[in-house]
Every structure is written in C-alpha cells, then in structure tokens.
Amino acid sequence: MKYWGKTALAAALAIAAGGPAIAGDIIWARDGDIDSLDPHRATSTLSRQVWYQIYDSLLEFDDSGAPVPNLAKSWEIAQDGTLVTFVLNEGITCHDGTPFNADDVIWTAERALGEDNPSLTKSSWGDIGEVEKIDDLTVAFHLATPFGAFVPFMADQFTSMLCDSNAAADDFGTGSAIGTGPWKFASWTKGAEVVLEKNPDYVNYGRPIDNPGPPLADRLIMRTMPEAQTRMAGLRTGELQVIVPPIQEVKSLQDDPGVEVYVAQGTGQNMFLQFAVNRPPFDDKRARQAVSHAIDKDLAIKVVYGDIVERQYCPISKGVFGNDPEFCKQYDQDYDPEKAKALLAELGYGPDKPMEVTLATWTGDSRERMLQMLQNQLKKVNIVANIEVMDIGTLNARDTQENNKAEGPGYMDLMGWTWFDPDLLYLLWHSPGAYQGFQTPELDKILEDMRTTVDPDARKEIVHAAFKILLEEAGQVPIYTPGWSWLYAVSADAPGFKIGPFNRALFNAIDH
Amino acid sequence: MSATKSIEAPNDEPATRPAPVLEVRDLCTEFRTKAGVGRAVDGVSFTLHEGEILAIVGESGSGKSVTSLSIMGLIPDPPGRIAGGSVTYGGRDLTRLDEKALQKLRGNEIAMIFQEPMTSLNPVLSIGRQMTEGIRQHTGMSEAEARKHAVEMMRRVSIPAPEKRLGEYPHQFSGGMLQRIMIAIAMSCSPRVLIADEPTTALDVTIQAQILELMRDLRATTGASIMLITHDMGVVAEMADRVVVMYAGRKVEEGRVEDIFARPRHPYTRGLLAALPVLGTAGEVGGTQLNEIPGVVPALTDLPNGCRFSDRCALSTDKCLAEDPPFADRVGAHSAACWHSDRLAPTMEATS
Amino acid sequence: MQNRLEKAIALAGAAHTPAAGVAPSGWAVLLRRMGRFWRSAMSNRGARVGMVLVTVLVLVAFFAPWIAPYPPDEMGAGMSLLTPEMAYPFGTDEFGRDIFSRVIWGARLTIQVGVIAVGISLTVGTLTGLVAGYAGGWTERILMRLVDVVFSFTETLIALAAVAVLGPSLSNAMIAVGIAAIPFYARVAYSVTLVERNRAYFDAAYVQGAGHLRLIFLHLLPNIIPPLIVVATLGVSSAVLAAAGLSFLGLGAQPPSPEWGAMLSAGRDYFNQAPWIMIYPGVAIMITVLAFNLLGDGIREALDPRQTV
Amino acid sequence: MASFLAQRLFAALLTILVTTVAVSMLIHLVPGDPVQIMYAQSQGTTPEQLEEVRARLGLDQPLMVQYIQYMGRVLQGDLGRTIRGDQPVLELLLARLPNTLILATSALVIACAIGLVCGFVAAYRRGTWLDTLLMTSAILGVSMPHFWLGLILLFYFAVHLQWLPVAGSGAANLVLPAVTLGVTNAAIIARLTRSSMIDVFDQEFIRTAYAKGLPRALVLYRHALRAGLVPIVTMIGLQFTYMMGGAIVVENVFGWNGVGRMAIQAIFQRDYPLIQGFILMFAVVVVLVSVLMDLLYAWLDPRIRNR
Amino acid sequence: MTAGTILSVRDLRKSFDVGGGLLRKSGTLQAVGGVSFDIGPGETLGLVGESGCGKSTVGKLIMKLHHPSDGAIFLRGVNIAGLSRRAMTPMWRKVQTIFQDPYSSLNPRMSAGAIVGEALTIHRIASGAEKTRRVAEIFEKVGLRADQMGRFPHEFSGGQRQRLSIARALIVEPELIVADEPVSALDVSIQASVINLLIRLQKEMGLSMLFISHDMSVVEHVSHRVAVMYLGRIVEIGSRRRIFGDPQHPYTRALLSAVPVADPAARRRERIVLKGDVPSPIDPPPGCHFQTRCPFAQDICRKVLPDLLPTGGGHKVACHVRMPDAVA
C-alpha cells in the first residue's frame, strides 16, 4: 500500500531525471567517473578529458603536436629562456561573463604553485620565480633556470586557465568550474554524469577543429556506465552518441556502418613495467632483464589488444619528442626465455626455486588481461607472479610503499603515463622520483641537463642517453602504447567528432 | 456402587426415546501418513437424539476427535478423507454435501467448541469481530444488530461488562473466559447440535465445574443436543445421558450412562473405570491397587488381527485374536463389541 | 490431531536396536543416531538429488587434476573464444583457456569457500549461542545484543567492510563471508539452546549434579547439532553465493583464479561473442547452491516434517 | 506497546552506537598506512601534507579522543570529505540514497507481490503439483546468483532485444535491476510465506473459523492472512535489509547510480571516509526500517499493541 | 521440625520479575509466598492446587532448580536454601525428582542406560560393569527389562518413559522424591500403572515423597498428608482424612466439590461452584487471596491475610471464617 505510493513517486522522479535521447545532447558514455574538475587536484585521464572541454590553456597543440596560440595570441621567450611573456587575445569572456585577462592567469598560476594547496603537477611547471602582470592582456613568467618543456606545457591540460571568479566558490572542481572553454559546467552527479552546456560566447582561437565559434550541440553529457556491453547497446539504440567501446568489440563496431570508431594516435601514453628496485630480487638488474626477456610482448599485445595498440620500444611514447624506436631497439631485451632462465639461474632461481613476485596494475581497459598474459609467460621461466589489480591511486601509493620496503617478495607493476614531452622522465626517474624507485647518479645528471637544454638536437642527444640507461638497466621496460581511454565509438548520426593530438576529444563540431 | 436394575431389563423403550437429530452410520475416516494409511475412525455408528448429551469417550488415538471433525466436514484433506459411511442430519447426508451447503449448517445448526480456548480463537482479531462474524454470516444481521446479539450472548455465558470486552483481544482473557466466549459463539445462532471436543480438558477443575454447569444450563434452556467428547470418565459421569466408548478407531461400547458405569460390557471400559482413583473411595495408601491395562494403544497403521483390544485384554482368547467382534446389540440399547461381554458383568459385580 | 496421529504411529513404529550396555556419552550416541537421521533425510527426494550433486561436486573438486583435460590457466590450450565442441566442451576464453577445465578447478575453490567460511561461522556462532543460552544473565544479554547488532547489518555489508579493510582476495572474502554469517548461527544455536535448556531433561541432568562442561557438551551440544547441521548446509550455499558475489565485484578471487564468480565477471565483456564464458560458471554456481539448498531442506524436513518445503 | 517500542528504539540506538564505534575504528584495521594509501596521488604527496591529513582526520590522537571527535562531527552531520574529489560525504550519500531506496523498495514490492501470492497458494494447495511446482521454482530462484541473473536479463532484454533502455536513471531503467533483485528475493519470501501460512493453517482458530460456517475466502483472508501477516511482516523487514545488501551488487551490474555502486568504487579507491560514511548510513537505514517494521508489527499484533 | 523429619520447609518464598525490558521493571510475580511444611520418613505429602498456584515452583525450589528468594529448606537438617550448585551436588543424592513430561524429561540423544546411570558417574558411585549391574537392577525394579538399556527414549512408550524417569531418580537411593505431576501427561490406563509403581517403590524403599498434582483423586490415592495451595500460599494442610473428609477451608471444599466423580449416581450432590478466575499472582487481592471468589467472605477477609493456624491433630487452615458447620 504505502510501497506502491512510494514507487509511483519514485517512478515519476526517475522519469523526470532520465528519459530518451534528446536532440542537441551529446551523450558520451565512459567506463568511469571524474575525480574532480580542479586541474590541480586530479590527474586521471577521465577527469582531464572533461575539464579540457571547460577550460582553455594559454596555448594549444596543432595536429602535428606543436604549440600554437590559443588564449594567448602570441608568446615571446627572452633572457635565455628564463622569461616567457604571453599576450592574451582580447574579448574572451569567462563562463560567468567576466572578461578573461592577466589576473586570471596569475590567479591560476599562483594557485598551482602556491604553498597552500599546490598543483599535483607543480614540478612540471618548471622552476618559476614570479608571474608578473604587465598589463591586462600581458603576463610574464620569470623562470629561475631555462626550461625546455615550459612552452609546450602551457598547451597542456594541467595548465588550464581558471577564471579568478572561481575563488568565490567553496566547491570549485566539484560543484562549480568556471573557464573559458567551449562548454560550461552545469552539474556533476558523482558516479552518474557530468553535464556541460554549450558556451554561446565561445570563440575558437587554437583548438584543432573546424569550428571557429561555439559548439553545435546544446549539451555535452559524460555518463558513467561501467558495463561495457550496456554502452554498446546504448550506442546501437541511439541513446548514446559517443562511447568508450570495449576492446573486444572494436572489430564488430568497425564493421558497423552506423558507427565510426576513432583510435587516438600520438596520445603520449606509454605502458611500461617498473620494479621495486630497493630490495631483492629486483635490486639486481639481471632479475629485471630476465623479466623483460621472458615476456613475449608482441604476442601479449596481439592476444589482448589485437592491432589497436602498438609495441612501444622507448621510455616515452610515440609522437613525443625524442621517441625513436630504431634507437631504442638496440638496448631492448628481446623475447628470449632461454636467456631469461640463464639470468635467473645466475641469481639462484630455477625450476626448484621459482621466483615469487607480485605483479600489479590498475583497474580498467584490459590491463588485467595483459597481466594474465605476462603471468603466464613468466611462469614458463619459473617466475610465479601473483596478480593484484587496484585503483590507480592505490597503485601509486603501493609503488612508493614497495620501494620503501626492505622485506617481502619481489614487486613489479604495469604502469602508464601520458605526457607531451620527455620531461616526463625527470618526473619519473630523477631522484627521489615519482615512486622513489629506479635512479642512478648518472641518470640524475643527464635528466638535469635535459631540463635546461633548449636546443632540440642537443636535447635529443640527452634524451637518448637517458633512454639508454633506462633500457639497458631495465629500470623501465616499455611495452605498448596507447594504454587507456584512447578509443571512441561514435554514432554515425552525430558526425563531426575529432581527436586532437595527445588524445584530446573535441566535440565542438558534432552536429546532433 | 450398587446395581439398581437387573441386567436383563430393557433400558429404554424406543417409543419413549426422543427423535434422532444426527445419525452417524459406518463412518470411516482415513489419514495418509508416511507410515501408511491409518483409519482413525473405522466404521463407527451412533445416534444423537433431541436434547440429549451424548458422551464420546476414549483415550488419545481412539478416534473420538476425528469423529467429531468428520461430522463437521473439517477433516483436512489432504492428508485425511472420509472413506465411507454417512452422517445424516435433517434428512441430508453431510458427507455428501458441498462446501456451500455445509457452511450454511456449520455454526448455525451444528456448532462446535474445542479443547484449547486460547488457541481456538484468532489472536489478532477482536473478540467482538470473532463473535459477530458468525452471527452475520448466518442471520444476515447488520453489524450493530450482531453486536447487540453478541453482547446478549456474552451476558448469557456470564461475561462481566460485555460491551467493553467486545473490543478486547483473546490474550486479555483467561482460559475459562475464553471457553465461555467459545460457547457463546457456538450458541449464538441457536444450533440444534453442539459438539464439544474436550471442552474442559485444558481448564482447572474449578473452572471446569463452571463450564460444565454452563453447558448443562444451556442444554436445559435451549434444548440443544450436545455431543461431548472427552477422555475424562468423571466428566462423562457428571454430564452424559448416553455414552459411546471408542478404542483404536472403533466404537466398542454404547449405552446409557448408568449402565456403562454400573455394568460395563467391554473389558476396555471396565479397565478404564477400574484404573481411575475415585474421589472419596481411597483406603490406606497402598491398600488398594489401581487396575492396570498392560501395553499401549496400537498404531492405526499397525493394528492387531482380530479384536483391537485383544493384545491388552485379560479375557483374550484365540477367538479374539482371530476374529474381530461385531458390535452387537445384546441387551437393549446397551451393547458392546466383545466376544466375552457376558463374562464381564458378573465379574464387575463381584469386585465392586 | 494429525500430529497426535503421527506421534502415535511413530511411537508404535519405534522398535529394535537393542544394544546392551550403558552408552558412555551423548556424543557416541549422536554419531550412532546420525545413521538413522541420515536415512530419514535421504528419504526425501530433494535431499537425495542434493546429496548426489554435492557428492559429484566434491568428487570433481578432489579429482580435478584428473578430470580436467587442461591445467586451469594454460593459455593457448585452444584457440581463443572457441565455441563449445568435443575438445572444449564449454568452449574457450579469450586466452584460449579451456572453460571446462577452469570450471572443474573452480569446484575446488568453491568447496574451500564453503568449508572455511561455514567452518568459521559455525564454530564461532555455535559457541556464542551456546554459551549465551547456557549462561544466561549478563553474559547472555551482552553476547546476544552484539549478535543482534552484527545481524542487522546484513552479510553483504559486513563482507564489504571486511574486504575494504583487508583488501580484495579470495581468502579475505572467505573470512569476511564467514564472519558475516556468525550471527545467524549464533541465533539458531542460542534459540535451540534455550529450548533444550528448558526441557526437563536438562533439569534432570542438573539435579543429577552434572557440571557445566557435562551439561554443555554432553547434554546441550548433541541436541543442538541437528538444527545446526541444517543451518550449516544451507549456510554453504549462501557462503558460496556471497563469496562468488564478492569475486564478481572484484573484491574476492583475483585473476587468473578459476573462481566461478571471477570467471563470470571476466566473461561478461565477451557476452556478445562468447556467451559460454559467462554461462557455464554461472550454471556451476547455481547447481552448487541448489545442491546444498536441496540437501539442507531435506535434512530440515527429516528433522521437522511440518516444515516441508 | 509504549514499552515495546521504547525497548526497540533503545536497541536501535545501541546498534547505531556500536556501529559508530566500529566505523570510527575501521581505519585502524587497515594494514599499512591508511593515510598514505588514501592520499597518494600521481606525483606523491609530501610527508608534511600527510601529517596534516593525519591531524585533520585526528589519527594522531588517542583512540578515545578520536572516537569522541568523530562522534562530535557525526552529530553535527559531518561525515568528513571524500579523498577523491574532496566532496562532503554526507551530501554524496544522501544524493544517492534515494536511488538505492527506490531500487530496494521496488524490488521489495515485486518480491512481495510474487512471493506472498506464490507462498500463500503453495501453502493452501500444500502437497499438490502446484505446490511442488511453485516450491521447485522457489528453490531454483533462491539458488540463482543475482549478479548472474542480472547479467543474463541485461544482455537479453536490454542488449539483445533492446526492449529496455540501458543508459540513464529513468523508470524504464529501474525495471531490470528491480526485477533481478525482486525475483531472487521473491523466492525467499515465497518459501517463508509458505511455511508461515502452513503454520497458520494448522492453527486451531482456523478450524474454529470454519466451524463457524464462514466461507473459505473469508477464513483465508480474515483469519489466516491476518494472523500469518504478523510473522511475515517481520520477515519482510528483514528482507528489506537483504535488498539493501543485494542492491550493492545489482547496482553494479546495471550501473544504477545508488549508494552501493559508490561504495564499491570507494572500496577500490580506498576512500575510507566514504566507506565509513556508507556503513554508518547503511546501519541507520537498516535500523530505521527495522523500527518501522516493529511499529507495523506492533500495530498488527494486538498482543503487543495492547500491552 | 522433629528429629525424624526428612524435609522441613520454612516460610519459603520465591518471586520472579516479569515483563518489562531494559528500561523498566514491570512487576514481581510472587509465585510462592511463604510456604511451610514438613515431610516425615516414608510419608507422602500431596501438594494440590490449580495451575499457577505455585505448587510446581515449590518442587523446583526444593530441587534447587530455582533459587529461593527467602526462607529455609531443611533436608535432613541441612538448610539447602542458600547452597551453591557445587555445595548442593552431594545433596542431590538425598533428594531426587520425577518430571511431568515423559517426552522432554529424557535426553533424546542418550540411551536409556546412560540416562539412568549418569548419576552414578557424576557422584562417582560406580563405573564400568558395576555401573551396568546397578542400572540393570534398577531397570528390573521399575518394571523394565535390562536388555532395554541400549534403547533410546523415543523407543519407549509414555508409561515406560515415566518408569525410566523413576529409575533415574531412584538410582542414587534418595530419601526424598519430588514428583511433579508424574502422571498427568499419561492416559488413564497408563496412569494407574505408574501410580501403583510409585506407591510400591515408596513402601519398599521407605521413601518420603512430595507428590505435586492438580488431580484431587490421584492425590487422595497416594498421599498420607495433603497441602492445598492457592495463589502461592498453603491454605490448608492436614491428614488425607481431614482434608478429604472434613475440609475447613472454603477453597478446599470448592475444589473437592468441583471434581467430577466417575459415578453418575453422585450427580445430585451439593456443589460449590466458584465464581470468576484465579486472580493474577502479579497483583494479588488484598487480605485473603481467596476473598474475591469466596462465597463466605467477610470484611476482615478483604483486609487481613489469614495465617495458617493449627486446628488440632496436625491440621492447619488459613481462614478467618473457619467452617465449623461444614456442609459436607
């Protein structure tokens, strides 16, 4: 009796909340939710993909991956690379109607670099001394040392420009987010959906898409749908316009005339193995090399991903400055189980005394399957790997923990990073390192040089020197690229989708 | 006790006997159990006459309760069913009536009360509801009229403050009160027959006395016939006009109450009477032994051949073991199912 | 009166087994009476079916290495995603692993889950309920209040909390499921103990001068065991279900463990192309759970024919 | 009745109190450093920041103080903030709770509708082929893992036949999860109803009702059902708790955006404030429902009502 | 209390807390409110009363199955009222009990022999073959066969079970037996044999017995002396002859006249039918507890609780309006 009433009410509410697809709405179904829309507080691709729709950076990447003007119409490097001055475009307005100017840039930079609550990627900004307002539309960044990656970083999503009106909100990133981008934040229901609305005042200065003005559609909705098959069904019934397709279904989708499958190229993503190097067995490079020799990376990739990912040879991804498969192959441990066994035998492991290790990764995509492949291959050289799959945050913590643990079984994990520049190597492997893992004084020195070297050719030499150490020592064993969130299946009745460089999803030109 | 009438004297003249109200003929009721089919009632016949109290007496497992439920058509099916015989009331065979017709009779012309007043009333319905629903069902009275009638009935069974108590629930009453209410419910449509199945067994002796008195009064004022089912020979002696004794699903003896107690014609009846300590008759402690009946009541699925009492009977002969004694009217209306009835009476005389 | 009838029949039907001598204890007798109890349980059709299934399951688990044509995690045993055929009766998964072999090996894990989880809850629960029911007073109040508190959380939540703390793994899931079910056993043990304690035979033993241990272990325990057998049998099915559920959510068994819940969870990505990956483990779970349910129901019925289901 | 309810309320409060103790201590049972696990982000957090977090969560205080502080916050409605996204836990939970309640309630309605009817019919027709059929289905239903049933239903009705939408949180989306959760629980209710009703049918007052000449329908409805309802209501209260537990799994299968799905995410993300909040809220809901059921029970059973 | 007294009960009281919960205590049920009596060697005291009068509680108090709230229980001169369980253990060799329900009083998981012989083990009286011998002996004594020792309770009939219960009580050779409604669950035909057995054994073994029953006829048959209880108190106590022949308390009279007599000729005797029910022991009426139902109640009865006073010849009655001109 009372239940019926309640249910009827519930049904009414539910109908109001959901319902069939509405023209003008682009619904993008993904396997996970954002963490936050604060670019200083979240790092996940799922979050970045969304806030990229809301905020612009000073610069943008063009289709070739080169930095081009965006919010800033020009930039100038002076004083041997220690002073970078940006001139902003006129007439840009924030979503709340206030004009976008130098104050917003300074507010953003100071927020990211300040002591209170610094950006998680603070170190990637470079050693910035001061951000100076020259006039309303001119901002100067004073660097302590020259920093080769500074300019391209200003095209990254981690340097998205936030409007200073965000300061008034106490729920910035979760309940409000004011930027200048093509879409305005409307609402976020954690676990369910993020709703963005078209910014009618948007002018496209740098985004690599053929639409100079505001987006064509009215709303962009990111919906969390963990079950891959339901995303598929939703796409096929027209309820959804864009989905993250399950890898297993890519083939069938490619054959479907009603669906277009986009595979991001030049994502900057790389998937690699790393080890807890501060204790046995992986404190010995032979153990690491043995692992690398033991795994048939090509086969594993083929079984798990087919041909939608490619083999990665270098510590940084294809499409990123310095990537050179031919160079890297020289130092790579090719598939050679016998050699692996021999190395292990040197260390005292064999059929009677298998090496027991933990093999971890984070949840999602088909990484768990990848681990099962690796596990299976390792078993053949008497390495018994126990798989652990966890949340990315947990994995990050775990890696650091494992590197600081003196006891316990060997530990390695399949990790992934996405970056637009080899400066990533500094972040990962310069002591203390993101995970306080592999590091050598020699490598430290090389990476420091890499940061301050601006000349491309010289910088490339240095990058390669770093590669050589990492690969020979098997401190980082590259496996494949890309690694996550790089597939988009788009309904044919929503044409106009595009993936920009470094996996930027662009919805500005979708007509639905 | 002394015998006041000679054995041979006819006890009753058919002409003086009141008209029969309910006639049970060759009633058979079966139950299916895991151990097999058991005949809880096997070929029982008797007649209930206008205005009389007929006691059906027997120990547990004798089939007396099943008999009463069979008459009411309340045998749960499955596992039970009436396998044969007839129950004639008002010219109709109740065993052949459909459910609708039975409903019209139950509680209206034939009413029943049960052993446990506490569990025989619905704990979640008010007394008023449980009293009026039957009245309304049979008389078509309005709720208000039915309540008035219910109050009247409660008054008749001496429930104080009946108007107030109508709204109360069974747990707020004592056992004796509830049995009064059960009787009030049963009598509320002025039935011609009241079947009382062990109505006082669950009650204390002083309450029992109240209830028995009430039933006697009701019989006197309404003229209803009462079929009293009990295991208590004392109650039988106090209440009954006539008695049917049952053992293992069979009627073993029938007769007027005085005759049964004075000159039982079945060894089982005699044994029961002798097993009972009678108030005010005891000598020195240990001076008199109570009569023992050896053995136990047989299982209905595993009955002895011949007479069902044969394995416990002191008088048992080969004939008893081989042949089931028929129920024969030997001496007028006092009769028994025993090959040796005639050997009994003198023995009884001798010991009493 | 039907009951009275049955009682009478049971009474009369009771006979034989005249073993002379004074039996030493309730335990020996319990064991001896198990046979009778067993036969009576097995007279129920459902229980027989359940028993056969359980036996098959146990045999399969025990002889898994001989029954399964391939090791459970052998990749490339066959081509990936093969439809069921003679060589791969349940087909193969994305790694070419033989689903049939994995399901067979999974039986071991399932038995393990059942034994360990039920072992935990049965032991702890029975002792808690028994002690609470026997001791009475404050011991009883505190123990049973605690049990009530835990009971009101439902198994799933407790299991989730335990896994949240301990981290996901099959053994943690087993422990979690075991702990979560304790109140159930404790309540049954408690209520049965109360009933038995209030039976006159307990008072009789008490006034014979029997000590605490004698009263608890010789008089009470053997009498509360039969209903607990029912609870434990049915408990196996809920433990198997709960553990599979946790594995399904990724909170239990980790890859490449052929645990059925985990297999099912992994298989759903392939439902369109290879439904068998998901179907067979699901069927296996269902049959196992069904088997223990049937068996438990049958035993219950043998104990209390009125509770026929 | 007042004393009955007072007693029940006392028990309810006690349950919640014990829960708060358990919940506040939960974090200490975590092997390793919970703060590090929780707050590790991509580029590491400095030890100072971790210390600050520790202080903020009060983890550097003695246990008793921690508990008192925790209770102080809880009583002000502050269940802390999530690690991921830094959102207030209570708000998040409350935003999603209705979804879970809707799911559990709809499932309960389905379960009751099917379960009560089937159980009643089976009890009434005890021993017949209909009883056997119903009870065989019921035992199959009880044995069905609901995540499996859910997936099969999902794939068949939503993915394969495309009869029902898969995206969103509309009424049509509620159908499959509610049915999944409802059907398996219907089997349980059917079994319990049957045995409860059989008990009632065997009661002597039913015989009395027939002996009064009441028609069968009236006896079944007024006498049997009313009396049988009392234990069944208690049982349904318990079922609701199971539904809440089951919802956790089913929400994950169907992507229904309730607290259960958030809880699982929180467990994967080791978002302890959220996990703690979830457990506490769950306990409160369960306790409230059971108090509600006690009320209903007391109202249905005059033995308690008039005490 | 005389030297030969086996059991002497003095002002025994027992109350129970009832209802209520954690928050409030709703009341006290005075089950036994000051009961005193003696039992001599070889004597049977019948304790009669209606349900709820406290007669079973008295039995349980004497067996120490309940702990008395107040008063003394002298068993062979030893006050057992305050004894701990441990201290009581040897006393249980002196006093034993027979229970009402032949079904629940025997542990279904133990063989008949084990049930009967348990006390021998507990009190370290006998073990092994000696134990078996003694169990066999007592089996024969109560009319069971020694070869039935290995059987289980469910294999015995109700009457046989009650014999087992008797055997269990007698194996420690007690001096006093508390028999709590030992035959009321049995069919009439079985009842007789158990009563006969009890009387025979009592004589043979020189037992004293407290025979608790609601059945006046049975009590009359087995008792030397009889005590009548009403609402937790003894209202009349005396020899069987006095109680049944010349009852002084109106309640005793009413009780006797209420018993149906298995003789149709006795129908026309005069009867006292009491009105109403027994009041609740949680809230007994003021003054004499019986005053609410007593046909002879006077003002004093409504105010003063009468003491149990001797009237001579060991007979005592608790009534203000003693009934000199008994109508009997």
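Going by the order they are written in, the chains are A, B, C, D and E; count residues from 1 in each one.
The rule we apply is simple: contacts are C-beta pairs under 8 Å (C-beta built on N, C-alpha and C of every residue); 3 or more make two chains touch, one makes a residue touch a chain.
Molecules present, by chain and UniProt name: A = Peptide/nickel transport system substrate-binding protein; B, E = Oligopeptide/dipeptide ABC transporter ATP-binding protein; C = Peptide/nickel transport system permease protein.
A quick note: this is a predicted structure, and the numbers were derived from the prediction, not measured.
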Third chains touching both chain C and chain B: D, E
Pair joined by more contacting C-beta pairs (C-D or A-D): A-D
Intercentroid distance (Cα basis), chain E paired with chain A, Å: 87
Rounded Å distance between chain A and chain C, as computed from the means of their C-alpha atoms: 47
Centre-to-centre distance between chain E and chain D (centres being mean Cα positions), rounded to whole Å: 52
Rounded Å distance, chain B centre to chain E centre (Cα mean): 32
Shared interface positions of chain B, touching two or more other chains: 60, 69, 79, 296-297
Residues of chain A touching at least two other chains: 227, 229, 232, 363
Contacts with two or more other chains, residues of chain C listed in rising order: 10-11, 250, 268, 271-272
Residue numbers on chain C that touch chain D, as the complex places them: 46, 145-146, 148-149, 152-157, 160-161, 163-168, 237, 241, 244-245, 248-251, 261, 264-265, 268, 271-272, 275, 278, 282, 285-287, 289-290, 293-294, 297, 306-309
Parts of chain E lying in touch with chain C, wherever the complex brings them together: 60, 63-65, 88-90, 92-93, 96-97, 99-101, 104-111, 113-115, 117-119, 122-123, 131-132, 135, 146-152, 154-155, 157-158, 165, 168, 172
For the chain B and chain D complex, residues of the former touching the latter: 69, 72, 74, 78-79, 99, 102-108, 111-112, 114, 116, 119-126, 133-134, 137-138, 168-169, 171-172, 182, 185
List of chain D residues in touch with chain C within their complex: 11, 14-15, 18-19, 26, 29-31, 126, 135, 138-140, 142-148, 151-152, 155, 159, 191, 194-195, 198-199, 202, 241-242, 244-246, 248-249, 252, 263-264, 266-268, 270, 272, 275, 279, 282-283, 286-287, 290
Residue numbers on chain C that touch chain A, as the complex places them: 73, 75, 80, 94-95, 250, 254-256, 266, 268-273
